[in-house]
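There are two complexes below, and they share chain A, which is joined by chain B in the first and by chain C in the second.
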Partner chain A sequence: MSDYMHSFELFEPASIGDASKLINKFGKDGWIIAGGKDSLDWFKDRNKRPKAVINIANLKELRGIKDNKDYVSIGSVTTLTEMEDSKLLKKHFPVLIDAVSRIASPQIRNAGTLGGNVAQDTRCTYYRDGFPCYRAGGNTCYANTPTAMNREHAVFDVARCVAVTPSDTAPALVALEAEMVISSKGKTRKVMAEEFFIGPATDITRMTALKKNDILVEIRIPKKWAGAKYYFEKVADRQTWDFSLVNIAMVAKTSGGKISEVRMACGGVQCTPRRMTNVEDLLKGESAGPEMEKLAKRVAAQGAKALNYNHFKIPLMGNLAARAVRSMA
Partner chain B sequence: MVEIWKDEIVEHEEFEFPPDPADDFEWAPATAEIAGNQPDLPLNTWQTTGVSRRDFLRGVVCSGVAVAAASYVMVGGIGKARAAIRGVERLVSLNINGKIRRVDVAPNETLAHTIRYRLGMTGTKIGCNRAECGACTVISDNVSIYSCSTLTHMVRGQKIRTIEGVASASGKLHPVQQAFIDELGPQCGFCTPGQVMAAVNLLEKNPKPTVDQARRAMSGNLCRCGAYDHYLKGVMRAARSV
Partner chain C sequence: MGFNLIGKNFTPPDVHAKVTGSAKYAEDFRKDGMVFIKIYSSPMPHAKIKSIDVSKAAKMPGVVGFLLPDEIKQPKDAGHAILSNYPVFVGQPILAVAAETEQQAEDALEAVNVNLQPLAFCIDPLDSLKPKGVNAHKDGNVANRKGIKLQEVKWSGKDFALAGDDKLPMGKAVTEWSYGDVESGFKKAKVVLEETFVSAANAHHALEPRSAAAYWENGKCHVWGSTQSSSFAHPSLAKYIGIPPTKLNLVTEFCGGGFGGKAYSYPIMALPALMSKKLNGRPVMMRLSRAEEFYNGSARAGFQGWVKIGFGNDGRVLAMDSYVIQDNGSTGGFWDFQNFGVAGSVILQPKAMRFRGIPVLTNTPPKGAQRGPGENQTANILEPILDKGARKLGIDRLALRLVNTPGGGTGAKVGPKRVPVTSAYLREGLVQASKKFGYSSRVKKSGKQANGKIRSIGIGQAYHAAGYNGWDGMVRITPDGKLHIHTGVGNLGTYSYAATSRVAAEVLGYDWKNTVIERGGTLKAMPFNIGQFGSNTSFTMTRTNFAAATDAKQKLLEIGAMMMGGKASDYELRKEKVVSKKGSNSITFARAAQKAIELKGKYAGHVVDEDLKGLTKISAKMIAGTGLVGVAKDKIPKKGSVPALAAAFIEIELDPETGRVEILDYLGVADVGQVLHPQGLDAQIRGAAVMGFGLAALERYVYDPAYGRPNARGLYQAKPPTYLDVPANLDSLAVKGAYDKQNPVGAKGVGEPIMGAASSAYLSAVAEAMDGQLLNRVPVVADQIINAMAKQPQSHKLLQTNCQ
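Take a look at the complex of A and B:
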C-alpha cells in the first residue's frame, strides 16, 4: 500500500470565519484544501505533512459565479467544470472558458477549483520530488545544473529558482485584469492578479501573495474586457492532464480596424504569468496583419535566456504571439 | 542494548520519526492466516482450494474492519508516539449505489480506499493513485471524479455511484457496458470500470454526443492496452442505443 497519506486531522468549517480561525490556530501546521487534486499528491509523497487539513470545498459562500454591476465574481471553490458550463462567463469572458477547458482532465476539472488552480505550487520535478532546493529552504537549485533536466523551466526572471507558473487560468486572469479577494484574520484585502503571482526575487518559498493564514475567497473580473476579442492557446506535450509548456492569453479591443487596447500574458516561461508588454506596445494603434505578426514574433521573447533544455520555448513564445495577432486579422 | 535505544528515542520530545508508509496500514491477520495455512500446496492448485481471489479479498476486507478499531491498542512502544497524532476514525454514512453504508473512515482515507478495502467493492480499481489514470473514476452527485484523490469525508452526503451500481438490479447490463462488450472495448480490462463510469456520466449529461465531445469526455481515462478507439466506438454505439 504505497501512496498512503500521513495521519492528519480533517476539519470542515461551516463558515469562512471558522475556517479563518482554524488556520490561525494551526499556523504552519494547517493546510487549506478544496478540490484536493494537488494537495493529496503532496501528502502522498509525504513531502508536505500538515497536522490539520481544513476543507473549504463545502462552503457555499465561496462557491458560484455572480454577476455584479462592474464585475463578475467567481468564488474561489467554484469548480472548473462549473466555470466551463457558465453562460455568464461564456458571454463575457470566453478567453477564460478556453483556458479552463484545457486544464488537466474532465474528472480533475469536476473537482478542481479555480482557487486551487491559481494558488497551486510549481510543478518543478526536483522541488516536487522533495529535493532540498532553494524553494524548499535549501541552498541549491537542482534544475539549473549542467546535467539537470530543465525542459519545463523558466526562460525569464530567474532568481536562484527556475520554476515556472503551471496555471492555465493565471495568464487569462492577468490579461483580464482580475482582482483577487483574500481573507485574512477576519479582514479582506484585494490584490490585482498581476501582483498576486510573485517571483522568486520577492519570496522564493511562495508562488502567490497568499501567506499562511490567508484564504483566497473570490476572484473578480472587471467587465472592462467583456466581449473583447480574445485568444488563448496552450501548448503541452499531451492534450490531456499535462501542464503547459507555454500558454498565451490575449484580450483586445479594436476600433476602426485598429487595435486600441490589448493585453497579452504568457504562462510557463517564468515564475509568474509574463505580461508581454513589448508586444502590446507594438500592437497599439496598428491594424493586425502579416507585418505585425512578424514584428510580434520578433519581440515576443526578447531578453529570454534559455537553460540547457528549454531553448524551444523562445521561438514557441514568438509563434504563439504571432498566432494571437493573426486571430485579430 | 535494545531497551536503551528505545528509551532514548521516546524521551526526546522533538524527535520526528521518518515517514514509513507501511506504518499506516495494518495487514489483516487473515492475510497471514490464509497464506500460512497452505504452504505446501503445489502452485497449480489455486483453483481447487475453494478460495477464489474475490472471496479472498472479501475475507481480508471483513477482518480488516474488525481489527481497525483495535489497531490503536495493538501498536505499542514507538508506535505510541505516532498514534498520538493519528486522526481518529469516525463512523460515517455513505450513500453508495442508492444504499446507505455505515463505515469507519479515517480522515486521511481516500474514497477509493474506502470503497475497495472497507466496503469490499473491488470493481473500482486503483491504478496510479495520483489522479492521472482514471481507473478509479466514480460518479459523485452526477459528476465523475477520481476516487483515489478524494477524501472520503469530503463526499459525505453525496450520492456515489460505482461500477457495481451501473447495471440494473435484474442484472441487465447498462447500454454502455453492453456496447463496450460489442465493440471489444476491454483488452486487459483494468481501466474498464473507469471507462464505463466516464461514459455513463457523459451520456447522462449529453445523450447524443459528437465523436469529438465523446473523445474529450473520455480523455480522463488512460488505457495502457491502447484500446481507445474501441472504447470510443463503444460510447457512440451506446449513445445510439440509449
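Take a look at the complex of A and C:
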C-alpha cells in the first residue's frame, strides 16, 4: 500500500547468455525486467518479491526492428514507441501499429516494450492486490463469486480463473500469425503467437508459454499478411492509459471482391486472445456488406457467458466484428 | 465599472514557480535528521483490534519509533481518528512507524503484528437500513457532521416491501423540510415525473497525495502541510496536535489539488507532528502513496434517491418532492444530501417543495466535500429529468429551463427558508450562451449521422452557495512604498488568492508592480479569513481586502492631514500619494508609511480593533511597527444568500456500437457578477468542465460487497479524465451585465457549479442521444451505453451502489 519496493539485487547483464545464466542461477527467485511497467507495480505492492531482478532492457541484441526476406523481426525489448515510429512496420503491418498506438499512454509506450506487452500478467484486481486466488497458488477465484466486481473479466473459456489478457498487441500478433522466439538455457525455440498465450486450463499460474528460465528474445511476423486489409479497434473507458475492455484485430485478403483469407482475434474476453473462428468461417468466400456485418455480429460472441458485470462485452464483440467487416466494404 | 485592475488579466505571482518546478510542496521540504513515517492501515472493513505487537519491528534497522492508536486521542461517535483503535474501513490508519528511511519504515511495518477480529460490515446504505441490517459503526448507522448525532435507524420490512423492486424505499428520514403546498402542485401539473436514481461516490484523487512534515523547536510545532486553505487550517490543525494555535507555525505555500478534500486540516496531517513530539522534536516526514491517498483523501458521497417533479404547461416546476439516502462513509461525512434539496430549490425555483434525507454510515473511506458536494450530484440527476419533462410537454428543453431558472438579478430564493439571493443572472447566462453556442441551429442537426453515430446537445445548470462575510483583511504599506497584501485564504491552484488581493491595490490606486502578496503560512502574518473552498473566495476575500484597504486608505488620509494640515477629507489618494484636493501638496505612500511607524498605535498595527479574530491580532503584532497597517473586519452590509450559478451547452457524438461518447464542443457560462480575472475565470470554467466530464462519464468507485474493499483505488482503475477525453478547445463565457451589488466590486465566486454544469450537460446530451432514455445513474460509463443500445438489461441492480 505504501508504494515502497522490497530490497532486491539488480543485475544488468551484457549479453543474452549472461542474462540466461543469471535467470538459471536464481530460478524462482529471479525476475526478468525490461520496461518495468508490469513488474514495478508488483514490486511496489510487495505482492511479488524476487531476490534478483535481471534487467534485459539494455541488451542491444534484443532491440530493434529488422527486415528479413520472409518476415520482419522485432526484438523483445524494442519499445512500443520505437514500433510506433517504424516505417517498416507501418508499411507491412499497419494493424500492429494501430494496436501499439492505443497501448497505455505515450509515456508508458516510451518505456514499455513489445516483449513486456505480450508477456505481461493479467490485471485482475483481486489477483494484483494479492488475494490468494487460484492464479496466485490459492484455492478459489475471488473475481467469480455471486457478488464479485468483474466488469473487466472473461466471457469465454473460464477455467477456475476469469482473468483476461490485457495486451493490445496480442490479438494483432495472433491475427498476423506471429512467431515468438524464446531462448532458454542457450537454446532457442519458436512458438506461434496463438500457442504462446495460454489459458488457465493449460497452466493457471502463467499467461504465456514462457517458463521461469525463458527469455523472449524476438517476435517474428511473417510477410504473408504484409499489405493485407486490416482492422484494429480498442474499446476502453478513456482514450489513453486504459486497458482494453474489448479489442479486435483483423487481417484479410480479398480476391475478386470476395474475402479469400481472414484472421480475426479479440482481446479482453478470455485469458488469451480469442480467435474469432466463427466469423472467419462465415466470411471466407463472401463479400463484405450489410448481410455479412449482421451475421458477423450474430456469431461473434456465440458461446459467451457473462459474469455479474460484463454482459456488455457480448454485444460489444458482435459490434466490433461487424465494424471489422464494414471496414472491408 | 471603471476599474484599473479588476477585470484585467495579470500573471499571479506563483505561476513562475509552478512552471519552472521551483514551487515547494510539503514533501519537498527537508531538515537535518529527518525521519520518515509509514502507516499500517486496516486490511479489514470493520474490525476490533485485539492486540498490537511492535516488538519485532522495533528491532529492525533504522526504526526510531512508533505511534499507536492508544497514544492518540480517539474521537467520539463517528469521528475521524488520526490513528484508530477501532477500524471502520479498509485502509484506515492504525499505527505509524518512523525510521531513518522510507524503505526501513516500510520493511518495519511488515514485522508489525496487529491482531484484528473481523466484524460484520456494510457498504450499501440500504442494506444497513433493513430491519436486521448491519451497522457500520458499533454505536449506530446514521450520523452526519451537520448536527446529526450517531444513532441507529432501521426501516420496517413494510417500508421496503412498499417500494418494490423499481423504486427507492423511503422510511423515516432524519432531515425533512418543505414549503408551499406540494400535493396541490402535483395535482395542477400537466406532467409529473417520478425517478429513482443512484449517484456514485467519487474519490478526490488529488495529484499531490497528502504529505506533511513537522518538527518541534523551543516549544513550538512547525508543520509543512498540503491544504487548500492557510489561516482556516491553522486552528483545526493545532487542535488535532493538541496545542493552542499560538504554538503552531504552519507553512502552506502550494497545494497540489484538493477539490474540497483538503479544504482545511485533516486528521492525518497531524501525524508527523505527533510522531515528532514523541521523538523529542526530530523532524518527521510523511508522504502518502496513491493507495493511501485513496483511503485518506475522502470521497464525494454517493446517493440513492428519488425525485418527483410536477411541470405546468409551460414547463414551470409547480412541485418537487425528493428523498436522498446518502452513503456517508465511515465518519461524520459531509452534508451533500441536504444540498440536494437546496440546489433543487435554487435551480428550479419550485412553487412548492419537500425534501427528505438520511445519511447512512458505510464501511467505506470517509466521505468529504468534493467540488459542489451535493449540488453537483443534484445537477447530474435533475438536468436529464428536465429534458424528459420537456419531451413529455412537447416544448424545447432550453425554453423549459428559462421559465424556471433564476435570473433578472433579484427575486430568486434559496432553500426551505426562501432566503433571497444577492444576485442571480443564470437565465441571462442561458440566453447569452445559447446564442454563442448556436443552440437552435445545432439542435436541428442532432440525431443519427452518416457515420452511424448519434449527435446530440446537452444543457446543464448548477448552483452552489458562493460567499460569506465577517472575516478579516490586512494590508501593510512599508517605507519603500510597497503594498503588502496579507492573505490567509490559501492557494488551491485557482489563483483566486491573487485575483482577490488585487482589490486592495484597486482601492488604494496602486500600480500592481508595487504590490507583494504575503501568503503561505503563519510566518507571513496571515489575517484570519475563510478558507479556499465553497466557491466563496471571490465574494468573501474581495470584501476583506476591500475592508482592510479602506482602513489603510483612511489612515493614509489622516496622516496626510497630520503632515500637511487640514482634515482627512481634504485629501485623496492619487498615484500612490496622498494628495490635497485643493492644492498641489502631497506626500508619498512611502513617506506616510514612515510616519505611521513613528506614530505607532493604530497606524502601525500596534492597536487593532477588538472584534478582529485571534490570528489576525497575532499577525498584526508580528508586523506592527513595520509600516502603515490597514486591518479590519468585513462589516460591509450583506443581506441574503450569495448564489454561484453556472450553465453549460455541450455537443456530443455517441457511438451506439462501442458506447464511446465524443465531446465535440462545449461552452460553459458563469454568473460571477463582475469578473475579477478573465484568464483565471476561463481556466476555471474549462478545468471544471474536464473534472465534470470525469464525474459524469469516467471516474469509477467500485467496492466488492463480499470483502468490503475497493477495486478501483489506483488512478488507472479509477480513471480520472485525461486531456484526450476532452476536446482541445473548451469555451467559456461570463454572463454579461451581471453584478452583485452586495459585493464592493460586484463579484461572486463560481468554482463549483461550473463543474456541475458541465457534468449535467454531458449527461443531458447522453440521455438525449439515447432517445431520451434516462439511466438515472452517475457515472454513465461505456458498458451502460452498450447495454442500453443493445436493448439488453443493465448488469447492475436499480439501486446498487459502488459498482460503477
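In this section, the second predicted complex is superposed on the first by the 328 of 329 C-alpha atoms of A that agree within 3 Å, B and C clash if a C-alpha of one lies under 4 Å from a C-alpha of the other, contacts with A are read in each partner's own complex, and residues count from 1 in each chain.
We adopt the following convention: a residue touches a chain if its C-beta (ideal position, glycine included) is under 8 Å from a C-beta of that chain, and two chains touch if they have at least 3 such contacts.
Just so it is clear, the structure is predicted and the values come from calculations on it, not from any experiment.
In the superposition on chain A, A:A148 makes contact with chain C only, while chain B stays out of contact range.
In the superposition on chain A, contact of A:G36 is made with chain B only, not with chain C. Residue contacts after overlaying the shared chain place A:S7 against chain B and chain C alike.
In the superposition on chain A, contact is made by A:K51 with chain B only, not with chain C. Residue contacts after overlaying the shared chain place A:D237 against chain C, while chain B stays out of touching range.
In the superposition on chain A, A:T165 makes contact with neither chain B nor chain C. Touch criterion met: A:A322 reaches chain C, while chain B stays clear of it.
In the superposition on chain A, A:N110 makes contact with chain B only, not with chain C. In the superposition on chain A, chain A positions 1-4, 6-7, 46, 105, 239-241 are in contact with chain B in one complex as well as with chain C in the other. Chain C contributes residues 38-39, 41, 91, 102-103, 105-107, 109-110, 289-292, 657-660, 698, 700, 702-707, 709, 711-712, 716-717, 719, 721-722, 724-725, 781-784, 786-787, 789-790, 792-793, 795-796, 803 to its touches with chain A in the complex. Those residues of chain B that touch chain A in the shared complex are 19, 21-22, 24-25, 82, 85-87, 106-108, 110, 129-132, 134, 137, 143-146, 149-151, 153-154, 198, 216-217, 219-220.
Contact residues on chain A toward chain B in their complex (touch as defined above): 1-10, 12, 33, 36-37, 40-41, 43-44, 46, 49, 51, 53, 55, 57-58, 81, 104-108, 110-111, 239-241. Those residues of chain A that touch chain C in the shared complex are 1-4, 6-7, 46, 105, 125-126, 129, 142, 145, 147-149, 151, 233, 235, 237-243, 245, 306, 308-312, 315-316, 319-320, 322-323.
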